[in-house]
């Protein structure tokens, strides 16, 4: 009898708190988005699962000695997991389209206005009672506008670890929502004629250019923004492994097994920050709202910049590809392609949109570095 | 000359203790079982090798700064390695046969009597002079009857780390011996007619069932047995990755590279607990004996439960598949199939035996959770 | 304005020290060797990159909290990474050619004279003002002559961590230079007639021999040189996994994903020791010079030993294969084959040279063990 | 002995409580499968099976990445045909 | 409110400095590509392209390791030819 | 100089002891191979070799998983044959 009573006292049912139940539902919601809606499942599935695990009463997943505790402190608090992911992403990225048409970097730059405008917005939200964002918090939230998961997690783990869960949820959810968020903005800001613009074919990019490019990017980052070198450096290492052609087995591993293993644990570890006291408050609502704003502003500023460049450039530039500057590789580029096809069924913008798309990755890593340097 | 003398003093020959020699022979025995007899080689090979390494005089593999010391404390003491293995096993497990015929869960439940009867037996062994098992020790030993390696290692690392080596040796050895231990018990408890029973074909199981099943199992574990959630949770995560179909690259990695890497280090780390003072005592004999008892009782209770269910159920149930309830996936199911074929050459029980087989995995994880909750 | 000033103060340009610039150029040089000259790219590429990263001002890659700091202390200071690499190399090594012709072990032994002669030379360099090598330093430097990367890194991390960067650079550079360093020495020490010698075909080696061999090597190391058991043990574990045939999935993982992942981080971690104060001094020049001497002496003593054995043995031995005794698998064996083909276009020495080649790996692991035992 | 008796009682209680719990837990799971999953299966049946014809699927490489013997035979035959035509 | 105003000013400065810096940085990268890479491309053109004919390349397995449908069809046709000859 | 001389003596001793030991160790290994392994090889010869015919093996994909050029050629030829028949 006593044993059964002990057993009862050790059950979840006898120990649940309301917040834990709600957070488990949030975790289930993330699983639903991942599995049924295919929203960035590679991260949202382990993250949703981690959210469930961390909120189990008694089990202590995120307390000292718990699995998620080890994962979080070994991999996320140190920044190691997002950096390994970034290395893998670098090894998967082909900068050919960007090197062929370097002006596209300005589109990647313009789209970062989403980040800095959101920073301003986050500070403005302090006027709402119950919300109190410091500059560090605001910076970590604003990076959602960078539409780059590992960058957001890396920056949030440095500047505002207690907001990490909400920021990661927002970042990945909006990245998955890119095909829904972007098209109306793109259509609103462009005329049908602009959307029909066909672009000149890209020139051939040589092997040596692709090898020197990541080194040049790293060098410039070292010179002007050392605080961005962890992100940019690991990204460039992955890209150099890819393009050098001499370490294919390392490049393949970085793109596959290593990034897969890290993704599982990164997701679990981020999920472990989805505890009720960190998530169930009005600040999370603010973060989710600001994330949507950030994406929208980033998209709009990319498109407007492309419109402007189309005016001043001798080669025609379809303004739609400006939207790809938010990164969210390769989804945003595909969206640009799709919206372009609607206006002109013979207009394949995908390759042209890859330029601003990868420029956006660089742009948001640079923006993260600036925020680290100035408020970190 | 002095250098040669220093060299001599640093040799193994000048520093051997008898116990170390014996334990190295034990390690060689494990290698023999793994390589020549194909006894669970994936774990016994690295484990036997670890046993040899840890007993090398002077080398200090398991002392501070030694390789096995790091492996043990980072991966086994924390519970991380068995949990990663369990995630991989989950990603390899198809619950289809169990969902199609859920009554099979009772067979998986019945077979756990091997665990609890052995717990009783381990306490009884305290009557033997020289043996002194606490309830924690007894629980860690009894879990051998669960016929599930990672579960046994996880529980032993929490309840009785000093017995971990002997428990792991017993668990994996008996799992390899399933084709020898089980058939006589199965034949003794069943008539030829019972062994000839053919079972109805299993219904088709849909994708959505397979996706919801791991979540349901996790939910119930959260409600009723949070102490089992590390094991069950990681298992269900693996299974969800498999069945969701949206994260195939993660599922593949969990089933292959990640589980392989972890298996190598888990084996080495478990082997590092095979030191003479922890293994060469009468308690180890008790553990080995109890392990055999546990497997036998588990097999018998599974078979008897199946006989009983065959009597009360409208669909015929071949009692042989009850033996598969001890888990030891997929060996026990194959044994049931083989013994069934002896009695009826047209009777393929394999798919039917997979139900109790995977039920046994859940059953022993639940039993481990109970033991953790009540004596941990 | 203030923000821009803060940003400027945080740039690399405002914080560079001359030494860091030079070390980045060294890193670029390593990348050049790796990519353009294909010098051991698997290690030199991540190592060169690590050298660049560790010298970035402000970024703090190798300070507490920095990525390279974690990598170095978790993987290299503990010795774990080189040991994992060695396990993978063991899983890639086929000892068939050596078992078929065991005398080749004497060639592997003779080539280790390169190590011990260099140790003497390193002590002699103390006569040069500004150089002060302890016996530990000298031993760590001398192991370069072993022509085995992981062995050199393992020993240097134990005996002279502050010299690790220079030693690893020298070891891998000279290993890549084997096709340039060895042929002139080989030609100078042999007559054309000797180089034309054809060798008897190797006997068939059975599976059981290949399985027992790594265990025999381990046993002898345990008896006579326990300090070498970390290296030899992990090597033999890898080889046993390969040859046993029962754990192919572990062997495959050890040879591929696991060694690839470890190689990336090992390279980065070693590169992190290439800081200006550790590298930019006259001692590094001494190390680079001594490395060249070590390789040359090792090559010469291997060839001379082979000449001697050819005189006393009844089976003819082509002296060229003695040069393969320095290890540098499989490059040195290929060099022996190539130089042999110049003298006799029908003389394929590759398989014969694999014997001394893998013997050299064992020889230098044994030499490392001796140095650890006597000066460690 | 005193102490041993106590342990026996504890072990017996554990045995009883444990088996009761295991059966209750897995029994609930049976109910869950019958009550929830079976209904889900009816409400959300699988989409129609993949369209790949069995013949094409059989001829393609299998999941482990190795090539089936008949494909190897076919390829080697194709190779020899090709060579006899082109050499 | 005082405090909030200060934060606003800081945020505004950050926004300005940040955007200036991002444009400057990526602008420099444009110059780097135009000035350095484009010249490198001219001076070190790629070695002549790989000799694999585009047709053969198209027919071979694609990068993900899966086999394209036409290859599967070809193989299955070859298999059936082979079988009809050898059985 | 005093100190250096001492070091030299130590280094010389190390050199001597080291080379003696290396030769002794690897020499013992020679004996081990000749005495133990060679006998094992006679007592436990390998089971009969695998049955795969050399031609089939040659035609199959190589170990790195890539497909040999002749196979690619054969497949592309098969593809064009297939197409000319089916289109």
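Letters A, B, C, D, E and F mark the chains in the order given here, with residues in each chain numbered from 1 onward.
In this text, contacts are C-beta pairs under 8 Å (C-beta built on N, C-alpha and C of every residue); 3 or more make two chains touch, one makes a residue touch a chain.
All values reported here derive from a predicted model rather than from experimental measurement.
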Contact-graph separation of chain B and chain E, given in steps at minimum = 2
Fewest touch steps from chain B to chain D?
-> 1
So which chain is farthest from chain B, going by the mean of the CA atoms in each chain?
-> E
Please indicate which chain is farthest from chain A, where distance is taken between mean Cα coordinates of the chains.
-> F
Whole-angstrom distance, CA centroid of chain B to CA centroid of chain C, is 41
Indicate the whole-number Å distance between the mean C-alpha point of chain C and the mean C-alpha point of chain E.
-> 36
State, to the nearest whole Å, the distance from the C-alpha centre of chain A to the C-alpha centre of chain E.
-> 18
Considering chain E alone, which of its residues make contact with at least two other chains?
-> 14, 17, 21, 65, 73, 75, 78
Note: chain A residues in touch with at least two other chains are 3, 7, 224-225, 257, 370, 374
Touching residues on chain C, where the partner in the complex is chain B = 78-80, 83, 87, 211, 215, 218, 222-227, 229-230, 233-234, 237, 240-241, 244, 246-247, 249-250, 252-254, 257-258, 370, 373-374
List of chain C residues in touch with chain F within their complex | 98-99, 102-103, 105-106, 108-110, 112-113, 115-117, 119-120, 122-124, 126-127, 135, 138-139, 204-209, 212-213, 216-217, 220, 224-225, 359, 362-363, 366-367, 370-371, 374-375
Which residues of chain E touch chain A in their complex?
-> 4, 7-8, 10-12, 14-15, 17-19, 21-23, 25-30, 32-34, 36-38, 40-41, 44-46
What part of chain A is in contact with chain B in the complex they form?
-> 3, 6-7, 10-13, 15, 24, 28, 31, 34-35, 38, 41-42, 45-46, 49, 52-53, 56-59, 61, 65-67, 70, 256-257, 260-261, 263-264, 268
